[in-house]
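A short write-up of the structure that comes next.
Just so it is clear, A, B and C label the chains in written order, and each chain counts residues from 1 on its own.
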């Protein structure tokens, strides 16, 4: 059985036809309720819960001050010079440590990655040293440098180095052999190949390493300040805790979180800018 | 068996409605192998998804054995174009083919029989223990076909399944489809953009117009039931039908429709 | 025979050299803070007796693993529904990302305020720090389930818990494992910090005691022990990951090969 439908197709491309009534526009608008609006709603809901729970006595206010009180304390802290000095100390230690670790890791990573012999000989050492938690070095740092910024740097550099190094290695090793062969057959020198083949291939990995390293660096910076007492936000938190200034502790935690978010955002922006040319930003290799 | 009436699908594209499919009406009787061809972008995949219950049409209906399709019906199986992405990479070939049967709560003995038979039918008995990504593209598509066949559906929908496969493998797979069709006696709706394939495979060829899509023509392929890549494709009737379909599609692309003949 | 020797050389070569360098440096510099490897090795046995290991080290490790496991369960259990619903995701993502950005050790003082630092608190600290990477990675993994696979499941009528098990969790497992790996490092950090900061027992506490009383070789043995612990946990995780994700590694390998 066959059915033939004699169509009356209009000549030319499909134009916006009689759309099925009211269903379309509200549907479109519903889909467009921006994620941003929902996100803001989520934050407000969270703050509301935070406000209500201590006030309603569900948790003792001495343990968990209501959101409004903490935010007020945060505003007060932000007016204090000491707060900003501490923030500056943390940022300086973070940035310096990250820079050192990044530089060393990139150089070493490229050198070792390019030479298979070096890779084979260093693999076991890396596999052993990498999982050593940097917090294990805290007592050593405390002994050697006491509350000087160098104790922070010791921890930050050690931790961040591995994050970056591992990613750089992955990146260098990931170079497409076809691309490499093409470059060689066109007579590019070794240095040119590194510039035009190895570096662009490795760049996404290098930036992933930077992102991971930046996060870890911040964690360790604050940790060192918290436990050892070197200057920075971590130390401020420790002082606030020991003097029982609960609201201050929470306020400073929020400030630290904000710093963490800022670090994340900055690195991601850098990543997107530098990789704008890259067709497919590779996913993070489970380091 | 499969009845599509007045199917219409309008997409929301940022506030404006885009009518992908305007009015599709056709039928498939039990045991038929019908091919659907049309110019690129005419909504073939949209149509297939509506029939498969994966998408809701804006208007019109699709019915399977008299029952209207409102969600993926139980007696229907779909073979997608992207075979790599439709097979579970964490399961072996055998596990992949067996999964829908487990879901149907069939006893183990029955499942084993069905899976073995399906794998034999597609010629993959040796690869049963391998993972999909260890196989070539053509073999992966065979696994997808085996899975569909083992499911014992009444209707098999195939969405340009051989588009991403090389020409020689495609020829093998086309013959495989015909043999599977005859062996298991399923009704098959085969969507393709390849005109030669459509005429070679089908008992009927439905030609779709340009977007907004309607069924432009419905041709009966009166070639012998025993088809062969070499002889059938040089048969004068084949060439005639093929030319006809080609002319129809070209006309569809231009937006004008010639008088249809049977 | 020479292949084995070469392999052994590669694995042991650099470490041996480094140990020798350390030995040389510690002997020649006479630095009080840098004992020779020999001294450290001999002190190790004295310090970490079976008794001390069971009273200090073992409870710490148990707390670590408990916290980690709890965080895993919690993170996945919350991550799956959030990842499956775009609305829920949009609603909760900013808050969750903020919590993840807070350096975990900072939570230690916060939780101390609640009730001092006893065993349960230590586990709570670990959970509170570890759950974020697991949660967010699960959300990401669940979100990114291949739509073709999802359609396949729908057309074959695979729903409910089967779908959760065979499609969602399996498909998201690479991301979940990555989250778990990050969480493991955080768990170790938090375990040590919570004990160094304010505790009366445990691995971290013991090491800090050594440092404060200037028992340098003993302190170093503690560092070595922590290093061994980190190494052992990483190894264990690697073994589990390789098993769970064997299909994924195979898939990546073939994809890479045919690129």
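What we mean here is this: a residue touches a chain if its C-beta (ideal position, glycine included) is under 8 Å from a C-beta of that chain, and two chains touch if they have at least 3 such contacts.
As the structure is a prediction and not an experimental result, all values here were calculated from the model.
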**Q.** Pair joined by the larger number of C-beta contacts - B-C, A-C
**A.** A-C
Q.
From the centre of subunit C, which other chain's Cα mean sits the farthest off?
A. B
Q: Give, as an integer number of Å, the spacing between the C-alpha centres of subunit C and subunit B.
A: 49
**Q.** Inter-centroid spacing, subunit C versus subunit A (mean Cα positions, whole Å)
**A.** 18
**Q.** Of all residues in subunit C, those that touch subunit A in their complex
**A.** 10-15, 18, 33, 86-87, 89-95, 97-99, 101-110, 112-114, 174, 177-178, 181, 185-186, 188-189, 192-193, 196-197, 204, 207-208, 210-211, 214, 216, 219-220, 222-223, 226-227, 230-231, 233-235, 241, 259
Q | subunit A residues touching subunit C - in the complex, by the definition given at the top | A | 35-36, 38-43, 45-46, 62-64, 120-125, 128, 130-140, 142-144, 176, 178, 218-219, 222-223, 226-227, 234, 237-238, 240-241, 246, 249-250, 252-253, 256-258, 260-261, 263-264, 284, 286-287
Q | Parts of subunit B lying in touch with subunit C, wherever the complex brings them together | A | 49, 52-54, 71-72, 74, 76-78, 80, 82, 85-86, 88-91, 99-100, 102-104, 131, 133-134, 151
Q. Inside the complex, what are the residues of subunit C that reach subunit B?
A. 146, 148-149, 151-152, 154-158, 162, 166-167, 170, 173, 247-248, 250-251, 254-255
